[in-house]
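The structure under discussion is supplied below as C-alpha cells; questions concerning it will follow.
Note that the chains are named A, B, C and D in the order they appear, and that numbering of residues resets to 1 at the start of each chain.
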Amino acid sequence: MMSMIRPDFALTVSCPDQKGIIAAVTHTIATGGGNILNLSQHTAVDINTFLLKTDFSVDESFDRAAFEAAFAAVAAKFKMDWKLHDKAVRTRVAILVSKTSHCLYELLLKHQDGELDCDFPVIIANHPDLASVATQFHIPFFQVDPAKGKAAYEADVQRILEDWKIDTVVLARYMQILSPEFTRRWAYQVINIHHGFLPAFMGAKPYHQAWHRGVKIIGATAHFANEDLDQGPIISQDTIQVPDTCSIAEFVQMGKDVERKVLFEALRCFLNREVFVSGGRTFLLP
Amino acid sequence: MMSMIRPDFALTVSCPDQKGIIAAVTHTIATGGGNILNLSQHTAVDINTFLLKTDFSVDESFDRAAFEAAFAAVAAKFKMDWKLHDKAVRTRVAILVSKTSHCLYELLLKHQDGELDCDFPVIIANHPDLASVATQFHIPFFQVDPAKGKAAYEADVQRILEDWKIDTVVLARYMQILSPEFTRRWAYQVINIHHGFLPAFMGAKPYHQAWHRGVKIIGATAHFANEDLDQGPIISQDTIQVPDTCSIAEFVQMGKDVERKVLFEALRCFLNREVFVSGGRTFLLP
Amino acid sequence: MMSMIRPDFALTVSCPDQKGIIAAVTHTIATGGGNILNLSQHTAVDINTFLLKTDFSVDESFDRAAFEAAFAAVAAKFKMDWKLHDKAVRTRVAILVSKTSHCLYELLLKHQDGELDCDFPVIIANHPDLASVATQFHIPFFQVDPAKGKAAYEADVQRILEDWKIDTVVLARYMQILSPEFTRRWAYQVINIHHGFLPAFMGAKPYHQAWHRGVKIIGATAHFANEDLDQGPIISQDTIQVPDTCSIAEFVQMGKDVERKVLFEALRCFLNREVFVSGGRTFLLP
Amino acid sequence: MMSMIRPDFALTVSCPDQKGIIAAVTHTIATGGGNILNLSQHTAVDINTFLLKTDFSVDESFDRAAFEAAFAAVAAKFKMDWKLHDKAVRTRVAILVSKTSHCLYELLLKHQDGELDCDFPVIIANHPDLASVATQFHIPFFQVDPAKGKAAYEADVQRILEDWKIDTVVLARYMQILSPEFTRRWAYQVINIHHGFLPAFMGAKPYHQAWHRGVKIIGATAHFANEDLDQGPIISQDTIQVPDTCSIAEFVQMGKDVERKVLFEALRCFLNREVFVSGGRTFLLP
C-alpha cells in the first residue's frame, strides 16, 4: 500500500539467507540519509533465499553515488543481487493487443486515473481493430503484419520496442505465440494474461475447455511469458463462480472482468517492484 | 432456498426439449392437488435436454398412486426420465473417512444444526483415528482393513452399506481409490471431495503440486466418483487466494476450510434433489 | 442467464399467493403459441406475495393482442399485476454524471461489448469534465447548470429526458440530490450507485466515514432513488476486503472497481426484467 | 504467515514516527544474537504513529535480560511502547458462550488441529446447553447464573478468570452485555463476534434488521469489546452474498459460517501479536 509521503527510491534485494541482513540493509539506508517508509521481506526456506523490498524517502544530504558505493560493500558481504530504483523514473510499457478491447481499456483507464506508475508510449497490434481506442487516448498505434513470417514480424516488433525505448511489454489478450528468442531476450519483462486458471486449461480456447469439463469456477492468470507456452512464473490469479447453466459465450463474457482485474493487478505490483522471481515461482512483497 | 412451508414432494424431470413441458408438468401437479412452492428449469441447448425440478405441497385430497399414474402419461408423451421424491423419507448417507477430521466434523455439525436433510447411520474408516469423533456424535463406526486386499476389503464395505440400507456414500477425505466395480455399482451415489481445483492437480498431493507450480489460488472440488480417478462430474468447487509466501503446510491448513465448505455444499444440493447429470456434466437447479 | 435462443417476450407477474398460478400462466403461454425458455418464481411468504418472470419465444401463429386478452382473464382471476415486455423494444436509458468517469466508462464499454440490452441516447452532467468521454462514444452530452436553482435545473433535466423519450435514468456517481418531486415522478426508474455498503455510511463521503470507523471491508450499493436519501430499495451490493493500512485515498481508489461492478449488475438485471419491488425490498428473479 | 523455523520471540513496538526506527530495532536484535524471521511495519500517517512487529529466533548466546536492557535504551530514545513476547508462553484464553455452538466448535476444532497458539483452560456459560461440547473436548465448563444480578454474576465470572489465570476472553456468541467496569478491567483483552456487518446493524437481532432492510450481503464483525456496545475497535470482518429470496432463518444459518471464520481469524491474529490498536482503530501487521 502506498504511503502519503511518496518514496524517492525502492531497493530490492535477493540473497542466501543468513543472520543480520535486515539490520545491515536498514542501517546502511539510515546512515545514508534515507527514511524507510515501508519494508517487506520473506525467506523462501526451501531454497534458503532471502528477499527484501523497501521504499524510502531521502533528504537533501542524500548522495546516490555514495549510497550505492556503501551498499555495494554490504551487498558483497551477503552475496546480494540488488537494485536501487529511482521512483521518479517511470517504466516505459508497450501494450500488445489483437482484437479484444477490455484489457486494453482497463490499463488505459487505470493509467488515466493515476493508478499505474508507468508510461504507455506505444500500442502494437496484429490487427487494426483497436486503432480507434489508441486514438481516444492519444497513443501511437502500430499495426504489424504476422503474414510476413514470424521472424520478420518479430523483428518489426523488436524495432518498435527499441525505437520507443520500451522497458516492459504487456500482452493484453494478444493472440500470437512469441518465439523463444523473443521471450529470452525480454526475460521477466513480458507479462501475459491467460484467460484460464493455470495450470488448468493451457493453450487455446480455455473457456471452451472449462465449459466442456463442467467446472463451476473460471479464472484468469497473469504470468511472465517464457519459451514454454502458458507455463512461465505466475504473477496473479483470480476466479469467479459461474452457474453451470451458462453457455460458453457467457463464460467468455463473465471472464473478461476477471482477466482485466488480474492483468491490472500484475502490472501494478510489477511497477511497484513487488514481484520477485526465485526458483521458477514469483513472490510478491507488497 | 427453502420456503417457510415445507414441501411434501420434489419432482425431477429430464427429457428432450420441446414446447409445452412446463405447462404440462405444472398442470398435472395442480390438477392432482399439489401447490407448487418453487420450480427451477434449464434447457441445455447443446444437448437439447430439458431439466426441471419442482417442490410442491399437497392437501389431503392428494392421492400419490393416482398422481403417478397421471404423470406417467405426461412423461410418456414427452419421453421423460422422472422421479417423485417424498420429502418425508430421509436419504441414508454413509460417511467414509481416513485420518483427517475436518470434513467429517463439518458434516456432523451441520447435520446437528439441521442443515442436512439426511441420516448418517454409519461411519466407515480404513484407520481407527476418527472413532472418537463417531462416538461424540453417537454414530456406529466400522473400521475395515485394506490390508486384506481391495476385493475383500470392498466386499466388507459393500456388506456394511447393504446392512445399513445406505443410499448414498460420501468420501470425506477418504484416502483409498475405489474399484471400477464399486463406483459403477454406486453410480452417481458416491460424492468425493478432492483437495485441489480440478482438473488441475489430479491425483496425489494436490497442495504440493500447486505450491511447486507457484499458483496464487488454491481450491477444492466435490464430484461424483467414477472409474476415472478425479474425473467424475463436478458438483461444487471453491477457491481462496493464498499469499505466495506460504509454505505447503499452510496451503494444507488453509485448504481445509475450502474442502469442508465445498463438500457440505455438494451434499446439501444433492439431498435437495438439485443435482442433475447430463452429458458428463452436472447442472444444479436450486 | 441468457439462452442461445433469444426470447421474444418477457412476462412479469406479481399477485397474492394461491394454488395453481404457475400452471395457469404456463398453460396460457403454451396455448397462445409461446415456448417458455426459462421461468423464475418466488413466494415472499411474509407478505403472501407471488412473483414470477418468464421469457418465451413465439412462432408465427402468435397473436399478441389475442394473447393479452387471454392473459387478462387469467390475471383478473388471480388479481395479478402483470406486464408483457417485447424484447425487441430496447429501453432508453439516460446516464447522469458529475466528474468521475469510472462508472460511466463501465456502462459504455459493457454496452459496446453487447452486454447491456438498452440504448444510451444521452448523457447529462452538472459539470463539463466528462464531455470528452461522451464524444469518444458518440453520445450527445448535455451540461445543465445547478447554479440556476434546483427547480429550474430539474426542469431542464426533465425536458431533456422527455425530448429524448427516456425510460430509465442511471445516476453514475452523480453528485446531486434529486428532489422528492423528481424521484416520485420517476419512481423505480432511477438507479443510483452509492459508494458505501448501505445502510452503513449513508450520505456524504462514505469512504471517509468507513476509514474513520476502522472497517476491514468497503462496499457499494445500487438502489432505486426515492425521496429518502440513500434509503431506496437496494438492487445489488458488493464488498471487498481492505488492508487497514490503507489511506482514505486508497479506499476511494479500490472502491471504484466495486462501484462500477455493482452499478453494471443492477442495470443489467433491471433491463432483463429481473428486478421486482415488493414491501420496500427488491427481489431478483434471474 | 508462519515460517518453517519457529520464532522464539515476537517484539511489538509503537511510537511517534521518525527516521531510523527500523534500523535501530533490527540492529539491537542482531547485536543481541537474534535472527529476524519476519518483520512488518506501518506508519499511520494521520496520527504520526509508527507500528512494528518482528518475530526472531535466538541462539544460545542470547541473554533475555541483557537484550531487554539494551532495547530499553533504544525505546527511551524513540519514546516507544514495546513488549517482548516469549513464543513458548501460551496465552490462556477463556471462551464465554450461551446456547449456540458453531463458534465454540470452530475454536475448539481449530485448536485441536494446531491452528491456534493458545490454551483454552475453561469455558464459561450462562446456559447449560453447551456443557456436552466442553465434555467432548475435556475442558472444564462453568455455568454462571445471570439471574443473581449483573454485579454478582460478573464477580463470579471474574473469580473464575482469576482462578484459572486467564489472559484473554473470547465471547463466542455470548448473549450478555458486559458492564463498563468489566470491559475496562479487561481492555483490549475481550474479543467479541457480532453477527452483523458493523457499523450497520448494531445491537440485537442484526439478521432481522438486515433482512427487513433488504440487503444483498450479510456479514460478521470481530471486535474488542468496550463500554460502547458493538462499537469497540474492529479486528476482522467478512461478508457473503445472500439471495434476496432467503428467509431470515436462512440468513441466520448462512451467517454462521461467516461468524466462525471471522472470530477464528481475529483470535489467530491476536495470538500472533499482529493486532495493534491506535487512534480507536486496529492495524493488523501480519
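FYI, a contact is a pair of C-beta atoms (placed from the backbone, for glycine too) under 8 Å apart; a residue touches a chain by one contact, two chains touch by 3 or more.
On a predicted model such as this, the values are computed, not experimentally measured, just so you know.
**Student:** Farthest from chain D by Cα centre, which chain is it? Let me know.
**Tutor:** Of all the other chains, the one whose centre lies farthest from chain D is C.
**Student:** Can you give the rotation angle that fits chain C onto its twin chain D by Cα atoms, in degrees and rounded to the nearest 5?
**Tutor:** 180
**Student:** Which pair wins on C-beta contacts, A-B or A-D?
**Tutor:** Between the chain pairs A-B and A-D, A-B carries more contacts.
**Student:** Quick one: report the Å distance separating chain A from chain B, using the average Cα coordinate of each chain.
**Tutor:** 41
**Student:** For chain A versus chain D, what separation do you get between their C-alpha means, in angstrom?
**Tutor:** Taking the mean C-alpha position of each chain, the two centres sit 37 Å apart.
**Student:** Tell me, which residues of chain A touch at least two other chains?
**Tutor:** If we look for residues of chain A contacting two or more partner chains, we find 3-4, 42, 45, 243, 245, 247.
**Student:** Could you please specify the touching residues of chain A with respect to chain D in the complex?
**Tutor:** Contacts found on chain A: 3-5, 19-20, 22-24, 26-27, 29-31, 35-43, 45.
**Student:** So in the complex, the part of chain C that touches chain D is made up of which residues?
**Tutor:** Within the complex, chain C contacts chain D at residues 42, 44-45, 197-201, 212-217, 219, 233-239, 241, 243-245, 247, 280-285.
**Student:** Please name which positions on chain B make contact with chain D in the complex.
**Tutor:** Those residues of chain B that touch chain D are 1-4, 101-102, 105, 109, 112-113, 115, 136, 243, 245-247, 249-250, 253, 256-257, 261.
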